[in-house]
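Chains: A, B, C, D and E, in written order; residue numbering restarts at 1 for each.
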Amino acid sequence: MPQFIHKGRKRAGSSPGTLIHIGEAKMDSVSITAIVYTAENAEAHPRLRAEDLRPPDDPHRRVWIDVVGIHDTSTVEAIGTRFDIHPLTLEDILDTGHRPKTEEFDDYLYFVFKMLRFDEMTHSVVSEQVSLILGNGFVITFQEVHGDVFTPVRERLAKAKGLIRKRSSDYLAYALIDAAVDQYFNIMEKMGERIEVLEEELTDHPEADVLRRIHHLKREAIYLRKRIWPMRDMLSRLTKGEFDLIQEENRIYFADVYDHIAQLIDTNESYRDVLTGMLDLYMTTVSNRMNQVMKVLTIVATIFIPITFIAGVYGMNFKHMPELEWPWGYGAVWGVMVGIAMVMIIIFKRNRWL
Amino acid sequence: MPQFIHKGRKRAGSSPGTLIHIGEAKMDSVSITAIVYTAENAEAHPRLRAEDLRPPDDPHRRVWIDVVGIHDTSTVEAIGTRFDIHPLTLEDILDTGHRPKTEEFDDYLYFVFKMLRFDEMTHSVVSEQVSLILGNGFVITFQEVHGDVFTPVRERLAKAKGLIRKRSSDYLAYALIDAAVDQYFNIMEKMGERIEVLEEELTDHPEADVLRRIHHLKREAIYLRKRIWPMRDMLSRLTKGEFDLIQEENRIYFADVYDHIAQLIDTNESYRDVLTGMLDLYMTTVSNRMNQVMKVLTIVATIFIPITFIAGVYGMNFKHMPELEWPWGYGAVWGVMVGIAMVMIIIFKRNRWL
Amino acid sequence: MPQFIHKGRKRAGSSPGTLIHIGEAKMDSVSITAIVYTAENAEAHPRLRAEDLRPPDDPHRRVWIDVVGIHDTSTVEAIGTRFDIHPLTLEDILDTGHRPKTEEFDDYLYFVFKMLRFDEMTHSVVSEQVSLILGNGFVITFQEVHGDVFTPVRERLAKAKGLIRKRSSDYLAYALIDAAVDQYFNIMEKMGERIEVLEEELTDHPEADVLRRIHHLKREAIYLRKRIWPMRDMLSRLTKGEFDLIQEENRIYFADVYDHIAQLIDTNESYRDVLTGMLDLYMTTVSNRMNQVMKVLTIVATIFIPITFIAGVYGMNFKHMPELEWPWGYGAVWGVMVGIAMVMIIIFKRNRWL
Amino acid sequence: MPQFIHKGRKRAGSSPGTLIHIGEAKMDSVSITAIVYTAENAEAHPRLRAEDLRPPDDPHRRVWIDVVGIHDTSTVEAIGTRFDIHPLTLEDILDTGHRPKTEEFDDYLYFVFKMLRFDEMTHSVVSEQVSLILGNGFVITFQEVHGDVFTPVRERLAKAKGLIRKRSSDYLAYALIDAAVDQYFNIMEKMGERIEVLEEELTDHPEADVLRRIHHLKREAIYLRKRIWPMRDMLSRLTKGEFDLIQEENRIYFADVYDHIAQLIDTNESYRDVLTGMLDLYMTTVSNRMNQVMKVLTIVATIFIPITFIAGVYGMNFKHMPELEWPWGYGAVWGVMVGIAMVMIIIFKRNRWL
Amino acid sequence: MPQFIHKGRKRAGSSPGTLIHIGEAKMDSVSITAIVYTAENAEAHPRLRAEDLRPPDDPHRRVWIDVVGIHDTSTVEAIGTRFDIHPLTLEDILDTGHRPKTEEFDDYLYFVFKMLRFDEMTHSVVSEQVSLILGNGFVITFQEVHGDVFTPVRERLAKAKGLIRKRSSDYLAYALIDAAVDQYFNIMEKMGERIEVLEEELTDHPEADVLRRIHHLKREAIYLRKRIWPMRDMLSRLTKGEFDLIQEENRIYFADVYDHIAQLIDTNESYRDVLTGMLDLYMTTVSNRMNQVMKVLTIVATIFIPITFIAGVYGMNFKHMPELEWPWGYGAVWGVMVGIAMVMIIIFKRNRWL
């Protein structure tokens, strides 16, 4: 079962900016990688310590600092101090149960969003939180675990594909968000396939298990909506020129991601409607079958119960039962019994039960 | 099953503007036709290559370039270069799973919308994507396959029917969008007919198949909503004088298409409500029938079970059963049995089960 | 079944302003009546031809032209030419499947709305379309058939009741729209009565027919919503001083009609909720009854099946059945059978099945 | 059944301002009371005629005219003339089926709202309409019947409690509306109690009657929503400084009533949700019981039907049935029958049916 | 059952500002504690009387007055007089059934919100009302009972943790509201756990009790929505710079609480959807089981009823029954009976009932 709220959120009443990691520690150690790039070249500095970092001072150099593993509050705090990040932001970075949002601070923008991954083991979608800080000339990302979602972006930086090295750091922020959203399409496609498979099974042999799987998929659709829906607000603010850090020439890219999110939300809603329809279909199919079963029982019972009664009557041991003496009695009784059965069958035919 | 999302959308993380065709290649080759027209005449240039195209330079000449087949990315790219189209637009043209939208660029407007077609083979609605670029003096349309939806527009251009040759190129864009929307009415009408047929069958002989067809129609209504609903936004922006490329005198035409879309959305919602009502009706009919079946079983069983028991009692072989010796015993037992049956029938009558 | 979309809408792709009548031709010939009135007097000119009409030139004279029958496109076109009406408006007048709306043109306002009528034959609501053109000093109405909805307005004009002759032509437009909306109240009241009757029947003897009638009424509520809901937008624009043709002193009257529409929408929504509640009630009643029937069957069967078995046992013909020889065997068996029945009844009583 | 629309609304097409009383005449005669008050004292003038009334001319004197009984159109008309009230307002006062609203006229504000009363006889909520005209220095209320809702306001005027005599007449209007809204809380509380009682019964002994009462309460919640919801709009306009007649210092009081209405709407929605939940609970409980009943039948029948068959077999009268001759045959048959019964019971146990 | 409205709200028609305590008196006596703090130190003054209080006059000293127990109207009134609080506010403080809201007065802001607590006794959520008055340099809170929700804030004041002593009194207001909202997360988490437990039970052994617990949880979700939803509005106004009393530097903290509320609302909606899904799952599981039970009954009955009839036939005592004389008659009958049973079983296999 996907969890809708994080357990162990026990900071009730603590001072804002108190740095407590909320969520599971999914990594052993923290890994920090910085990619420093200009329009001309890009170089990666892996395995850094928080102390090695500092904001870029050359306006032509831009840095992407990728922090993987956020359970170590001291590292996050150290980075926060070096880049002059508000304590509330640091607190939010550490709290992995956050709702996607955009927040503006004096000299940076803070984004929280989710990475989605289909876990083949549990056959369900899991999400991890990404925090992204977009400052003047730098981007810092905080991930919970190593993943390969940002790999293509890393390659584009290395190989100078597209505009990524030529544009300012907000373009990099866009590229990272876009990579995460592209991942959502894979998740959604996977979900579409599972619905399709289920729908075919529903038609061919509706077992009780189908029901449980419809329920499972519905839950996942609810889960996805909770993750994706707030991104609409988050992105719509970026397309409106509200923030100075988003260059006008790059706004169209954020608008493009916004469109993707709108499409994902539409698709998710359609899936929910389809799943509800499937549930109705399943339930009615079950009712129909029951009806079928009942009919068979009723037909057999209503034909045989009266004639069994007649047989019972002539099985009685009364001394004086004149019919028993009649030579053609036995034949007559058979006649009556067959007659009753025929009448019953005719009635059933008329009522279209047969 | 109509697909709600396109499979094989595997561009996750690639650079924006990377041109990859997403969707099935529905055509063998690409066909490009240009219609060059002034207020006085119009001439069609079929079977062009991308290299033959260029934006019109004479303010009195207007061009409609109709590209059919979009799986060949190089053609789309070549046209993009010649008409100075943003890479994001080219990417959107190639991605056939797009949500209808209007997007403004520096010197053109970009529309995506769907063409709907009722496939008689699969008895379901299929959609194809149309991209329309409205520039100053030119319109470029990108279709997935040849279709006859735009044929009337072509004829109006050839025969100078109406205002089409007199007005600027945004009127042509309107005419093309309007032709697609008119097609939706046919689809919706077809759907209305199928609902009507189904409703009659539901009344006359509600078979299990009816259920599956209601489900099928519901899915299609969901599918249509996903296709049509976003056009509301797309068109509403055109009616408000937001874009310079839409002449004030032509805005009323876009408002007209907007009204049609509003009407289609209303109708679709009504269909969904009606289909939900039909499902309820079907389910309750099934319950009612079951009730009927149960009643028959209950009546027959409750009348005959007690009297069969009595017959069974006098079929026992005890040595000392005084009743068996009585000369009127047999008659009396018949009397008791008929009496019990009568009482049962009276009780049933009172409870209105008969 | 009320139709949600008009059949035969086959204009796909035709030029806007192409005049095609869409809908049934409900009349043999077209009837045109003009009422010319000033504050002092009013005179009616029946049976005019389109050629006789022209816009009023005296600012103190106002005209109401009432055209009944719109299947004759040439008449509509002739009027259009004389009053300088936009081709799109003419096209809309001829298309009887239109959504209620207000549209502003250079020198007139165009309204489309529906007249509702309860057809006693089919026991359902039918709608006809009315187009109203409000110009400077004139009002033109286009109706599909003769009806008596506008009769009171005609009388008020003739007898100078109220303000109708003193105010400008927008007051006449108001009076006509108001007359149609007043008609809706009758329809709604009729519907309320039918729901009430149905609800009583549901309580007294819920037959299968009730179900079908609930479904019928639900459909009608959906149908009415589709007709009435868009009038909200249509009228709200009239109350805001957006249009010069609506005099400030008359705006309050349009606000009054707007209130009526809001009330009708509320009532319709309440009806839908009530009908949904009735359906639930019906379905649960059916379930309850089934339960009742099942209980009777179960009680009778579970009491008699075991004791019938016992009777069967002592009906066996084994040579060596010692019980059969016992003189008190028969009595003992009766005792056992009665005992079992008693125990069963006590169990049922405890479980509150009796 | 609460009526959602008033019957006999037969004014279709009549001139606006035509004074017709719509609704039942709930009173024999009309009663008019005027309370004239200044900051220092207040005096009541009961049993006035319409002719005695006139607007106050002294700016320090304020008047509240309370008209009970509105079926007499001539009285309403006479008051209208004296206070210069618009004919549309007079018409609205007489039409008791109005939707709550605020309407601004040149020198007065017109409010319509409902008084709710729980009728112990029919166990349902009934509503009466109140019209309130707030002019400069005077308030006129039109009620359908005598009620005690305004009594506390009357007392506060008499005893100079609170600010009521010190503030301008809009404060009096507030006090009257507030008194009506306070009444709603009693209604809502009563409803909450009935839901609670019903919920307990549902748990303890869910009878068929419970269903009907849930339905009844749902209807009432629909009815209340229709009455209360529009007051939100009505009051929100009063808190925004839109009207000159509402003093700035008194606006906070209207905001307070607005909050109460918001709370009532919330509560009503919660009730509807709870009632829907109760209906689901009831229906599932019924299903569950049926299941229980079916299980008992199935267990008894499937155990006894096979062994009854065996008894039947050895009750046959064939000449040559070797088993019948065996001395231990009878015992063996008993053994087989008990064995079959045991196997059945074990199977049931395994399937958790016992 | 959580109550949706407070009983005994009998102030109908009383003058606004009349101080009546509405709700249960949950405390014996009133306890007033004042914490006076500057940036440097903080001292607590417990067990004060209302007469000891006065607004701070030194701009560097700030006071938090915590009043626990609001049933004593005289205390509330005395405080109201000393701090110049509007009578409407005092009335609202005493009415414990209020909807969360923010209200601006001349020199203070008034907040009402709820504290939520999970009562382990009744296994349900209970709420208590908190009123918070934020003035210039002081905060007054009114609670119904002693609780430990504000304890961490008290400690932060004592130990100068974070910014709490350095910032103005609106920051204290934020800290208190935030502490209450943090509590909501615990409640929501508790609810999530209960849903999870229930879902597992639903899968493993769906008892009738599960149904009642789903219903209980649904009610609680409705209850929570009613408590939490209005806080969205309450807080959104605080983040917009609408009020002078909220310092610009502190607005971001209120925005943070707003985000938390948005997340809680999302989670609550997800829970409601999940619970609805569980109910559907439960109902369908019940139907499925019934189907299973019916099948067993039908199979057993339809196999044995016909062959029992045959046995009955040859148990008849007619003199002339030739079959009885045949030496191989008994064997043939067994053959026929076994044959019928086999045919039945084959039919069932084909229909996939076995």
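The definition used in the following text is that contacts are C-beta pairs under 8 Å (C-beta built on N, C-alpha and C of every residue); 3 or more make two chains touch, one makes a residue touch a chain.
Predicted, not measured: the structure shown is a model, and the values here were computed from it.
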In terms of residue numbering, is the interface formed by subunit A and subunit B classified as same (over half shared) or different (under half shared)? different
Overlay subunit A and subunit C by their C-alpha atoms and let me know the rotation angle in degrees, rounded to the nearest 5. 145
Can you give the whole-Å distance between the Cα centres of subunit B and subunit E? 40
Rounded to the nearest Å, the gap between Cα centres of subunit D and subunit E is 25
Give me the residue numbers in subunit B that touch at least two other chains, ranges are fine. 283, 287, 290, 294, 297, 301, 305, 308, 312, 315-317, 321
Can you tell me, using the touch rule above, whether these chains form a line, ring, star, complete graph or other shape? ring
In ring order, starting from subunit A and passing to subunit E next, we get A, E, D, C, B
Complex contacts: residues of subunit C adjacent to subunit B: 1, 3-7, 9-18, 86, 88, 97-99, 101, 103, 105, 205, 208, 211-212, 215, 218-219, 222-223, 225-226, 229-230, 279, 282-283, 286-287, 289-290, 293-294, 296-297, 300-301, 304-305, 307-308, 311-312, 314-317, 321, 323-330, 333-334, 337
Subunit A - residues contacting subunit B, complex: 149-153, 156, 161-164, 175, 178-179, 182-183, 185-186, 188-189, 192-193, 196, 199, 203, 252-253, 255-256, 259, 262-263, 266-267, 270-271, 273-274, 277-278, 280-281, 283-285, 287-288, 290-291, 294-295, 297-298, 301-302, 305-306, 308-309, 312-313, 315-321, 352-353
